[in-house]
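In the two assemblies presented below, chain A is common to both, partnered first by chain B and then by chain C.
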Partner chain A sequence: MVKFIGKRLAYAVLTLFLITTATFFLVAGAPGDPIAAKVGQMPEQAQEIIREKYGLDQPVVKRYTTYMKNLLTTGDFGESIIYTGQSANDIIKNNTLVSAKIGLLGLLFQVTIGISLGMVAALNRGKPVDHVIRVLVVLAICVPSFVFASVLQYFLAFKWKLVPVFGWGELKHYILPVAAYAIGGIASYTKYMRSSTLSVIGEDYIITAKAKGCTKKRVVRKHVLRNAMLPIITMIGPSLAGIFAGSFILERMFAIPGLGFYYVKAVSDNDYTMVIGLTIFFAILFVGSLIVVDILYGIVDPRIRVAKGKK
Partner chain B sequence: MKEKILEVKNLEVSFKTYAGISHAVRGIDFNLHKGETLAIVGESGCGKTVSSKAIMRLLPESNTLINENSEVLFHGEDLLKKSENEMVSIRGSKISMIFQDPMTSLNPTMKIGDQIAESILIHRQISKEEAYKEALEMLQLVKIPNAEKRMKQYPFEFSGGMRQRAMIAIALACKPEILIADEPTTALDVTIQAQIMELIGELQKELDMAMILVTHDLGVVASVADKIQVMYAGKIVERGDVREIFYQSTHPYTRALLDSVPKIHSTNKETLYSLKGTPPDLINPPVGCSFAPRCEYGMNICRKKYPELTKFSDTQECNCWLHDPRADVRNLPENMIRRRQ
Partner chain C sequence: MKKRKTLAMGLAVAMAVSCLAGCGGDDKKASSDGKTEQVLNISNNSVVVGLNPLINTTGPDNAAFNMVLDPLVKRVTRDGNTYEIIPAAAESWDISEDGLIYTFHMNKDAKWSDGTKVTANDFEFTFQKMATPSVAATNAWLFDGIIENFSEALYDQGKKPEEIGVHAIDEDTLEIKIIHPASYFLELVSSSAYPVNKAMYEELGSDYATSETKTVFNGPFKIESWSQNTEMVVVRNDQYWGADDVKLDKINYKIIQESATAVQSYINGELDVIGTTDANWGKTIEEQGESESYQVPDSSPEFFMLNAANEYLCNEKIRQALSVAYDRQEMIDTLRNGKGVPIYSMMPDTIQVGEKTYTELVGGKNHFVQELQNEIKDPKALLIEGLKELGKDPDPSKVTIRYASRGTDELSKKIAEWMKQQWESVLGINVEIDMMEWNIMWDKIDAGDYDIATGGWGPYYNEPSALLQLFDPDNGYFNAEKTGWSGEDPKKYQELLNEAKYEVDDQKKAELYLQAEELVVKSGLIEPTYLEEAPTFVKKYVKNYFVSTVGQVDFSQVYIEK
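The block that comes next holds the complex of A and B.
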């Protein structure tokens, strides 16, 4: 197991290196530059000075090596070009938690509600409950989260005045964004859990369990649930990474000072250091969460755990 | 005669399918006595497995129709009329079942020990520790080496033969009166088949339990069965004790099955007999004898009317028009005619 995790970590480092490099050159190669936007009206000479300050007059390879040196020795993502004095590290430090809170809460609802609804639908296959759940699932998957957000804002906040339209800071501010964030995920977890449960119910070992004398309840609890949840865990991986980035648009709609809010802004501003810094950060989260999922999967599925142990 | 523990009367099972109602089992009767082994033999799709699952009430409720007049009497009580709760207490404790494919019949995410102990815990009021101790004994009884270590392992760490042994341990953990073995050796290779059958035979004697052995492999049947019944298209076409079926079979279908088994003394120049055609569609089963279209000796009457039962001895009987006094038997093999007189 230790060896397995070590190997995964080595791959993760390699992946991150490649992502950093690729992002750096892609951003550098993108048309336009941040200085032009920021100081377009300044005289030539002043522009030159600012370029020099940020090292933008250097050849791109030189800039890359300097960047990597700083990153690896001090973990510094660099100062924002647009907002002087603010670094990518600050943004990450101050705003990650905000995004994570919404994302984690959303994911929690997605997984728990999704798994329960999926089981209910599968165990009542062909009955009215199943049909209702399936129609709702299709609807919820088709409609994008920002549409839900608007609908929720209109009815719950504007018409019925139950919750604030937007804002941040108190518990009531969580309700709308978390709900809007979770709905789509609930639908897809329900869908996958339903089909996964149905396929497990058809397995031979379920008949074995019945032949042993298990009651229906016991069959579901002891034999169906765990096996049906295996494929769901692979889905949690990408979702786990998505909890930091999944609410980009929602953060803007609800004026929530999260990572996504700044990320989207950095891209439109062509703010090199911010874009690269945040991309690397998201990459670390993503790769890290995939490793976590691999370990989780091993805990739930003994076949993988033991196979890993042997290697 | 030993005590009769299971009596199946006029069992009729059909399934609702998209194409119509499929009559999988069309009225079968048989008895099972204490300690006896009854083999049900026939091709795939002739209703063997369906009949055995119907006894355990393991068929999916949503699309299965069992005739109201059918009866499965276990110690005189009709299992088909029992509530699901009553059935739960019978399954695994009084009547157990093992299945064809040991690779898929064990829960992949549950330790072998837990799977065996589960059936003990369900049916008996004992502590977890005691149940585990008994589970371990069961695993030793089915001759799995290193049983203690094996208890903590998962099915994927077991070979096919080992898994079937574990299945047997699960099924016999509560010392049932009847074991239904549904093609227990079909998915195993030949040497393992012999070991498993030997093991089942030994345990059967030890626990004095009756067994219904469902199989299409006559080689397996010969060594363990007391009685054989041959099924075709949802009906029993011939039954008898082992010697009668192997040496004096009276139904052309039984003969065809026997002829399809390779003989140890046959040379490689002889072509192995194979029965032509396929079993009939059970959504529209034939009016007369359902084997008639494939039968070498088929007569006109065979396609029009179902043959009546002919008794040859206390144990052997068969439904075939060839045994009607009016049938022309000049073309029949000699030993089949002899049985008629």
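The block that comes next holds the complex of A and C.
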């Protein structure tokens, strides 16, 4: 197991290095100029002064080595070119938690509600409850979250004034974005839970359990739920990495101070320190969550661990 | 087994609760005495980039500085789309006969928010820092070629920043020497020279103003808290010399990128001022009846620029044909819901030369596009004539011209498609649309790799040279390398601008500007199109909030009366 994790980690470091390098050269080679917005109107000479300050007058390879040296020795992503005076590290640090709070809360609702609804639908297969849930699921999966967000915003906040239209800081500000974030996920978890439960219900061991005289409640709780949850658990891993990325549009709609704003802006501004900093940050999260999933597989299902061990 | 499940449930609940509790943590106190506290809620869709006036000079930055920093003089908006220059950190000023020496007498009661005195030395220091190349001050170029020795210091050509023509004669007197008379100099000082605190800057260096606690303020308000992408809270600055007259206690300056969100919160009373171009929302606001609406065009002309190095666009007749081939009012009606004002000159009618407007001084002769429209009855025939002059195939359908969009947003797409349709149907030529992000467009213009591009420009001061300078063939932003402008005209243009610089008579000055403008606008090199017009709605209980084409809102005069 230790060897397995060690190997995974080594691959992860290599992956991160490649991602950083590729991102650097892609951004450096992309058309457009990070300081165009700042210096666009200035005469040539005045532009040169600003370019020098950010080292943009240096050849790209030199910039790369300087950047990597800095990154490896100090872990510093560098100062944002657009948000003068602020380091990319600070911006990430200050805004990550906000995005994560919405994402985590949303995920919690997705999993709990999704599992419950999926079970209910499966256990009532073919009955009206099942049909209603299935129609709602299709609807919720088809409609993108920002549409839900604007509908919720329009009715709950604007028309009926139950919650504020936008804002951040108080409990009431969480309601709309978390709801909008959760809806799509609730639908997918419901869908997977329903089909997973249905397949478990048909298994021999369920029939055995019933034959032994288990109560229906006990069969569902002890046998169906636990086994049907397996595929769901493996879905949660990638979702965890996605909790930061998932709410970009919602952050904009509800004026929430998360990372999304910077990520989108950094790309269109060619703010390469920010783009690289954020890319590395997300890459670490993603690679990290993949490792966690790999390990979880082994823990949750011993068969997988054994199979891996044999290799 | 049962225990474990309860534990798991408990953990999940605890997680949820702690998360929610964490959310409630940064709960702000609602003002309980709402009646006595004067609070104004405003918003912007772009963030304040930073608080250092030397290097942060975007629109939102300036809007923030306008509340918390007093330049030497201030340009503020008054009722009815007018503005005036009022004393700020300087209580009065003298201008020498030849217009070259400005002596500012500092307001002796002016203090920084830490209680120290605002002195002439702070301003001297501010200008010196601007002229220091390593600071890379973003407004520096505006004073290059105006303040004595400024360019020599900024471009390291034999002068030190200490040698520029800005001197603190004593604590209360600041003298600025400029190299040619400039009626707009005070305006430039008001918009582009917000001060830094000398003592603090010397202590903190590049760390100055990296957060609201690492700077001080000398304006009517000071920043209480600042979270870049959420909100800036400014409160009354008790150390301000005019604090007794400042009526607002607090301004919440929020960042809302999504305009629908901003409008809905305005209607619901969470914001007090909103600008929107959306006709439907505008109607809803009007119906609600709680708002005053102000509709003034801005002062930033939109225009098309034609690359004179292009095989077709080097011909004046072809350029003129393109310029008159569409109706500007129709363009505004179709593309901007009628929100805009067509322009036929590069100069908005509000632009001034001395006391009077430029348009008034030249008797409206600056409306060159209108003149062309009257002269040219058949643009297509003119185009064909031009093609013949060039010795090309006179069949317009053989002509292909590229149009570079300024961005990939909805409006840019609509404009591109509309222009293509107009030019193709009226002139019979082919127009290829080149959709690109605006920063890429800058690159392409830089490289001269475009045929027709879209431009827009907000002049830094309300005088024709602020716009005409752009096309200076050597130093202008759209210099000859980018516009492909060649021949005798560029030289003549430079001479005219130079002559105007030293002309003291307003009438003569305006006429020189007119001749210069003729060279770029009548020749079709630049096609002015329209001024944007975004209605601003202000809740009726907000008093003294004026909107104008130029000038900042004077927040120190705004108050709430519910």
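By our rule, the second predicted complex is superposed on the first by the 304 of 311 C-alpha atoms of A that agree within 3 Å, B and C clash if a C-alpha of one lies under 4 Å from a C-alpha of the other, contacts with A are read in each partner's own complex, and residues count from 1 in each chain.
We take it that a contact is a pair of C-beta atoms (placed from the backbone, for glycine too) under 8 Å apart; a residue touches a chain by one contact, two chains touch by 3 or more.
Not measured: the values here are computed from a predicted model.
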Legend entry - Clash-or-fit label for the pair chain B, chain C on chain A: fit
Inset, instruction - Using the superposition on chain A described above, determine whether A:Ser247 touches chain B (first), chain C (second), both, or neither. - result: neither
Legend entry - From chain A, separation angle of chain B and chain C (C-alpha centres, steps of 10 degrees): 160
Inset, instruction - For A:Ile49, select first, second, both or neither according to whether it touches chain B, chain C, the two together, or no partner. - result: second
Inset, instruction - Using the touch definition from the top, say if A:Ser239 reaches chain B (first), chain C (second), both or neither. - result: neither
Inset, instruction - Please name the chain, chain B or chain C, that touches the greater number of residues in chain A. - result: C
Inset, instruction - Based on the superposed arrangement, let me know which partner A:Asp204 touches: chain B (first), chain C (second), both, or neither? - result: first
Inset, instruction - Would you check which partner chain A:Ser99 touches, where first means chain B only, second means chain C only, and both and neither mean what they say? - result: neither
Legend entry - Partner chain(s) touched by A:His223 [first = chain B, second = chain C, both, neither]: first
Inset, instruction - Mind working out whether A:Gly213 is in touch with chain B, chain C, both or neither, as first, second, both or neither? - result: first
Inset, instruction - Aligned on chain A, what is the least Cα gap between chain B and chain C? Give it in whole Å. - result: 11
Inset, instruction - Write out the stretch or stretches of chain A touching chain B in their complex. - result: 126, 203-205, 207-216, 218, 222-223, 226-227, 230, 300-303, 306
Legend entry - Contacting residues of chain A [partner chain C, same complex]: 31-33, 36-46, 49-50, 52-53, 82-86, 91, 94-95, 101, 104-105, 108, 112, 150, 153-154, 157-158, 161, 164-171, 173-174, 252-258, 261-262, 268-270
Inset, instruction - Write out the stretch or stretches of chain C touching chain A in their complex. - result: 12, 15-16, 19-20, 22-24, 26-28, 47, 49-50, 52, 55-56, 133-134, 136, 138, 140-141, 144, 154-155, 206, 209-210, 227-230, 254-258, 260-262, 264-265, 267-268, 270, 437, 439-440, 442-443, 457, 475-477
Inset, instruction - Provide the residue numbers of chain B that touch chain A in the complex, in ascending order. - result: 56, 58, 62, 84-85, 88-93, 96-97, 99, 101, 104-111, 118-119, 122-123, 154, 156-157, 167, 170-171
